[in-house]
């Protein structure tokens, strides 16, 4: 029996850890707000789904992950990419469809991926990620790496058979998998209170023999604590966990969505729940970080994101010949 | 003199030899061990057709039974393939693609392209196809054209035990996602198969029989029927060249066109339904690149545009047989005799 | 106005991190809705006319509404009229519970039943004033609400609301703790704990290594949660107006080490430096300047070095329905017996 259970301070939330968390969340926020602005200029092609408002979820989970670990994401994937360490400049270039993008301009916002970082891709298919995560978790288990795999999905995907099948398989195979349901209240324009029959996605965990918990997805510390326990449990061979984050997206389902189906929850969330505001106020109050250090992060991030847009705009489009490359590894 | 083993044993041997050679190779599927959790044998089945029989105890921890959750475990095989594994997953009947196709065609097939070349997904999806076992409309289809349609997938159709082993070995070593079609009526057919591992490259057709009067391109289970037809044709003075493409993706168009240049007449035999089929695909090849070579209209011998019927007499009418193939060949020859 | 009972059911209770760290139970929404329906049958049986039910987005009120609409009066047991409180916006926070209970009290409810955990009971208690409260546990993790069958609880609440039993017999006045810190005041019905954890985080307090001070309204030997530490060391019954105060520390530094069920599935050694009775009316200054204050097991207030927090025990907690006492009184007076039943067996 352990006499002491590690406290939050010993779980990586020393000032460096806090600074890292803040930087991740701030980078996501700046990135998404900038993409929002740039999209409005008409220069970003296609469909874009922004993660702003949900930063604490990606940051709080991914802070526990390292190079052994994998994540699968959703159509709202920029935040997960940033939190898992995908290059911000390469991401912005990808969203602009440039040859210098992380996917050479052939994936776009909905398919940003960097397998070398264990980021299995944003995914254009709702519910596409959880089965893949069963696979990367299986690989970690077979290869004995101690790695875990995290499936981020939304309230919409919580109703997909793929997600439910994957939770069952993960339990049956006792996989080091973590299912993170980011319940932002809407699947496209349909409220989750209407579409999710059990109402709490976390409740579904019981049907698959795994723990299911609800976490305040606006609170980095709450996410970090719950995710830390789930990751530790998975690494130790304890099996999968379902964590439901209750949160809100600040923008529409996609850019251009007029959001007439919503109430005023975004204003409320921005004013009272915002993850960055709360985090910042808290760590300054406790004296863990100074406002000056946080301001410095804000400046660094602004420069990084601003620079990424400049570089993306200046970057070349893919060559016409790239149309036919990389369909196969080898296709004789 | 090589041994004689069955199509089933040939596939099993290829998987076993690759598992022994490479620890990254794992096997998964419904009842692939067959017996998980029950009080009896843990490997009672070795797959519903016994193809993975015996692997469970030879390779502990590497043959995984799955729940009947094709989306989850086919997706898991694909996910594992992105992390250094080489899974061989069984989609029992190809008819079940409807419950997991997303993972195959939207995920596995597209990773490399979508991710700018920064992905390899060396997964093999084994699946059973074809009519003849009175298994009716949802367990008998020949759906390989649907997979062939998808860029990023490789599609393999072995027509003999020899091909089954060599193509399976290649499939497991290949770095792209491969869908490996096993004809369910062929598992007990036997043939000479070398004991040592060997590969058959994808995209290289086999000329199963040489002839100068008419080219018969036949896929998978249809190759044997085309050869049967060719023997019958020979007795009436028509020499048919039978080409077995072995893979529909990639497709060896060169060998087909070379043969067409020799014969000027083309019959395509395809067990799938006719619209957007391999028959239509090869006919289009001939009508385009091979137009100047054609001395007669291309003859397509396919199943009718219907579901697969159950009753024996109807099912026998459904599947192309040697007689229909021979008639088509004669029609082509008669057109420009 | 009629004879009214309020029922407030918290859709969010029973889903915190204790499911992950301590294999605590998951209490499904459907079962909460079923509990409300069983209670409606009981309330109908004892003559309650009207039930006020809070509206939630978690699916409890929706399920009850479906049941109300699809009932067949000829076949199904009699229910009171059910009115859903739909005037307030649903925020998904504890405010929903507080607002609903206040509306029930204003509407003249003769009793309020709250379904949830310690946290729900705490919020309902702060809002119900002198209206009798029946806190019913939906889960395994609760010290204050009782784990009782909803039908039985409904009978008791109904008998209280219709005035069939003497309040002096039926109701027990609880004590409560108030804690004032960082400009906020919170109420606890069971315990106030001071934790060295810096952040509220996942709210539930499950890590005993972080706790430095513990104040309990009561401490039962068979309790669950933090108060069980005191329950095994220095028990203090609910009926006692006084409580206990404990200073905790690492087990190796402490005179007393108690293996206590601080959460379901979590029996851990907790070090106690010293303990003493906490007198009713007494106010204590908390020693810690940093950390968080937890009330009834949930981290609630983050400290930031301001004025010392003060904990005060008082005797003015909610008046709670004593289910056993009510139904014993009912038996004594034959309240649920019917003279008109010819098949009734006489003893």
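By written order: A, B and C. Residues from 1 in each chain.
Quick note on the criterion: a residue touches a chain if its C-beta (ideal position, glycine included) is under 8 Å from a C-beta of that chain, and two chains touch if they have at least 3 such contacts.
Predicted model only: the values in this text are computed from it and were never measured.
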Which chain would you call central, comparing Cα centres to the global Cα centre?
A
Chain centres computed over CA atoms; the one at greatest distance from chain A is chain B
Top-ranked pair of chains - ranking by C-beta pairs in contact:
A-B
Just give me the whole-number Å value for how far the CA centre of chain B lies from that of chain C.
65
Centroid of chain A to centroid of chain B, CA atoms only: how many Å?
40
Centroid distance [mean C-alpha coordinates] between chain C and chain A, Å:
36
So in the complex, which bits of chain A are touching chain B?
70, 72, 101-107, 111, 113-116, 120-121, 123-125, 128, 130-140, 142-143, 149, 161-162, 165-166, 168-169, 172-173, 325-332
Chain A - residues contacting chain C, complex:
1, 3-5, 7-9, 13, 193, 197-200, 202-203, 205-206, 211-216, 219, 221-222, 224-226, 229-230, 233, 241, 243-244, 246, 282, 285-288
Of all residues in chain C, those that touch chain A in their complex:
11-12, 15-17, 19-21, 23, 26, 28-30, 57-59, 92, 196-203, 206-210, 250-252, 268-269, 290, 302, 304-305
So in the complex, the part of chain B that touches chain A is made up of which residues?
26, 61-62, 64, 66-67, 69, 71-85, 87, 99, 102-103, 106-107, 110-120, 151-152, 154, 174-176, 201-203, 250
